[in-house]
Amino acid sequence: MGLMRFFRKKSPWLLHFSAGGCNNCDIELVAALTPRFDVERFGILLRNTPRHADILVVTGPVSRQCRERLLRIYEQMPEPKLVVGVGACTMSNGVYDGCYSVDGPLDKHMPVDVYVPGCPPKPEAIIDGVIKALARL
Amino acid sequence: MTEALSFLLAYLIFPGLLFTGAVSLLFVGIDRKIAAHMQNRIGPPIWQEFFDVGKLLGKEDITPTSAQSTVFTLAPLLAFGAIVAVMLLLPVNSAQPALVLVADLIVIIYLLNIPAICVMLGGYSSACPFGASGASRYVVQLFGYELAFIIAALAVAVKVDSLSLSDFVSYQAQNGWLVLDWRLLPALIASLIAIQGKLLRVPFDIPEAEVEIVHGPLTEYSGPKLALMRIAYDIEILAVAGFITALFLGGPTPFNIGGVQIPGVVSFLIKCLAIVLFTTTLRCIAARLRIDQAVRFFWTFAVILAVISLLLVI
Amino acid sequence: MTFVVPVGPQHPALLEPEHFRFEVRGEEIIDVKIRLGYMHRGIERGLMDRTYHQGLYLAERICGICSHAHNLCFSQTVERLAGIEIPDRARYIRTIVAELERIHSHLLWAGVAAHEIGFITLFMLFWRDREHVQDLLEMISGNRCYYSMCAIGGTRRDMRPEHLPKIDRGLKVLEKATKHYVSVATSDRTILARCENIGVLTKQDARNFCAVGPHARASGVDVDMRRDDPYAAYAEIPFGVVTQSEGDVFARVVVRLREVLEAIGIIRHALNKMPTGPIRTRVRAKIPPNEATSRVEAPRGELLHFGISNGTEKPERWRVRPPTYANIPSLVPMFVGGTIAEIPIVLASIDPCMCCTDRVTIVDVTTGKSRILTMEELRRMAR
Amino acid sequence: MKASEALEAIENYVVESKILDERRAIAVTDLARYRGALFALRKNKDVRHVSTISGVDVGEDIAVIYHLHCGGSLLNLKVMVPKKDPRLRTVTDIFPGAALYEREVMEMLGVTFEGHPDPSRIFLPDDWKEGHPLRKEWKR
């Protein structure tokens, strides 16, 4: 089992889902892939289908229209899976608190392993959040 | 009895499962590292592919309820089995492959297509529109690159006047590498283009174009099945590179460094790596074509080059 | 055989969730149905429930990429409502940040577009050079993404003299890089093969469907709010409006890259001419009844804020019309008749910003046939 | 085009009008003549671009405001629709690009645009049943 944990820590594949935020966390997440930050150093890859993913990275408050899709994607992911909430919105709805079409925060809908605070968090912070999530495997 | 045992040994250890598996995963790791450097990044460690496959083997295995589960499950196994068998037919250590057949060139060309067909079957059986769409693109692409690939191989076969890879290797040991023969140069270019399509690399990664159809046929695969598909793909890279090596680069050639006899497998691997890195470079400097553009490119440019070679050597 | 390819809500071509259903025959698209609203948060109502000063931050968070445009447009509208003039230096600082944001947005877009056509190396290089703009913005405003530079009545932070040489250096790097990219993009054969004559929007269609911004300019519609309805310091700065007549994806690439070069020129000019003085005037929290409209040329096109005040510290009604919203109707003629492989690049070529568009609304465009999509159907497709 | 020129083109169709500055004008028209005003702008001044359509709840009425991009200036053309019977003719035959804006007003404020090519329910989350969120009486 120790070997498997080692492999999992060395190869976390992310699935990114934007659940109704303002896009900025998404941009910063993508920026983390690019030469200055380059998360592939840690074996982190951004995958596009929930079937391949280990970590679900959610940004934004959960909008009502997104809620169902978010849950379905979470269910489609194979075990073991982790959830990382990026940005202040996932923690508390952030600046959108009180808007009628927002149905957050994220932990109302699914267990969250790590929150990355910030509006938006810098790419370094997102990488740190993912690494911290791996410690929970 | 000993024959069966030696076959088993060849299949499981050298040059079969263990050897090819380890080498091809390492090759893909090197490929990813080099690609990252070309993109101005540091990139993953070169053994990253081992981590990825190891992790996938330990993940939950999901078969979608609407998928045809038999085909869905069998496809990766079949792909995996077939591609390892190719390695047995390739001259890896010496001119003599582990498994000697009469016309192994044709068998290899057939077997090299089985992973592709399995991926298609997997895509169709997954009952996912992306899978089906990716599979149909794969079929179209297969008909594109395969013709150029076969004609190029045929040109070499005509030149050597044999259908056996071991004859190719021994011919080249006597008469020099075929890549140095100017009449076969167009065939070499054609086959390099064709393997770029065969290995689904940019600009021909159309069946797996992630922004268009997610991961194409592999969209619904997860866990161990995905791992098998991935290993099969990685070995395919090595097998195709080994095939080109045997065709044009003289196959495994033992050599001496300071009196120490280096076995042929080392030169084989170096040549394979050179071919893999060539495809890596190509995939870093191009954009993905559309399927119609790709097929047109294969059928005009690549096929014409291969035919020119064939006509020259006849 | 026709089958339906769903794109979204979670799809690699889209940074943001939205849902497109493409009905295809083989590879050819015969019908497209767009369902947006996944990013719908109800911001217009939210702005009406907040004071102007709180609203400034909510307006900024309508969209992460063009945050300064929203921030600027909101404060301009409030300033018009209150009938105040802002200091000259503030106008110049706003202009500089707006143009830096345009560079950042266009380079980001160019990277995404390169990714859509499978050119990963180019994507990486665009984003590498985009980091230079991010550095400049972080230096000026203290943040990589939400600059919060505008305050109602001026700007929040001043530019310090030591910033100037750094900006100058950064612009030089960017100018060199962008010129290189223009030559790469106009000569690489695989890029040309994927972009030329793809997703063509005629000038006629662009005008009829009210397209805005670089998207319209690439179709030969000569419209630019910076020139047509000057704000901030644009009236005092000479610059060219870039247009192309072809209307295909390639024209949009060229327009955006050349706009980056224009933006660099604007920033240089603004830095040279920047007046000294205060950066902010005081505005009372309560604003007398009035109504005002303000328009800004955001990186994606014309952005419109319309506000009605009622004498309290909260607006009576606030209306936001972001540029992508105006560009959505023109997507349909661009898609139909194309192939699946063209979907991502054509969609990306309008530089869609769904969080802007969805601030209050869901859009659904149908061509001819319309079909109601049930939840069950979606589930079955996704499983 | 200056704001005054845009107003000249529609002077027969408006109840009252005001020029705010060189590039901004406001005009109020009525239910009978607003289509005439829009058509005159399209025909005489080649105005093709509707920047947006806003709906504002002003108590008894709902004000539907057409923000028209006339050259360099912006004309806000206002029509009052009674809240008891909120109905208007569509303008998509004059400005095809207005289709989405009309649907937005339809959903957010409950104004019906008659003759709209696709007046189907388009707004808000799929499970939304709580009415028109931008009306004054709407409460969360």
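We just call them A, B, C and D in the order they show up, numbering each chain from 1.
The working rule: a contact is a pair of C-beta atoms (placed from the backbone, for glycine too) under 8 Å apart; a residue touches a chain by one contact, two chains touch by 3 or more.
Remember, predicted model here, so these are calculated numbers, not experimental data.
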item: Both-way neighbours, i.e. chains that touch subunit B and touch subunit A; value: C
item: Chain whose Cα centroid lies at the greatest distance from that of subunit A; value: D
item: Centre-most chain, if every chain is reduced to its averaged C-alpha atoms; value: C
item: Centre-of-Cα separation between subunit C and subunit B, whole angstrom; value: 44
item: Approximate Å spacing (C-alpha centroids) for the pair subunit A, subunit C; value: 25
item: Where subunit B and subunit D are represented by their mean Cα positions, the distance between them in whole Å; value: 62
item: Sites on subunit A at which at least two other chains make contact; value: 34-35, 48, 63-65, 68, 76, 100-101
item: Shared-contact residues (touching 2 or more other chains) in subunit C; value: 11-12, 37, 40, 42, 45, 124-125, 128, 362, 375, 383
item: Multi-chain contact sites of subunit D, meaning residues that touch two or more partners; value: 124-126, 133
item: Every chain pair in contact, whichever chains are involved; value: A-B, A-C, A-D, B-C, C-D
item: Of subunit C, residues touching subunit D in the complex; value: 37, 40, 42, 44-45, 207-211, 223, 228-229, 291-293, 295, 302, 304, 306, 308, 316-317, 319, 321, 325-326, 328-329, 360-366, 370, 375
item: Subunit A to subunit D touching residues, read off their complex; value: 63-65, 68, 100-101
item: Subunit C contact footprint on subunit A (complex, rising order); value: 15, 17-28, 30-31, 33-36, 48, 50, 60-61, 63-66, 68-69, 72-73, 76, 94-96, 98-102, 119-120, 122
item: Residue numbers on subunit A that touch subunit B, as the complex places them; value: 3-4, 7-8, 10-11, 13, 34-35, 38, 40-43, 47-49, 51-52, 54, 76, 78-80
item: Contacting residues of subunit C [partner subunit B, same complex]; value: 3-6, 11-13, 24, 26-27, 114-122, 124-125, 128, 188, 190-191, 193-194, 339-344, 380-381, 383
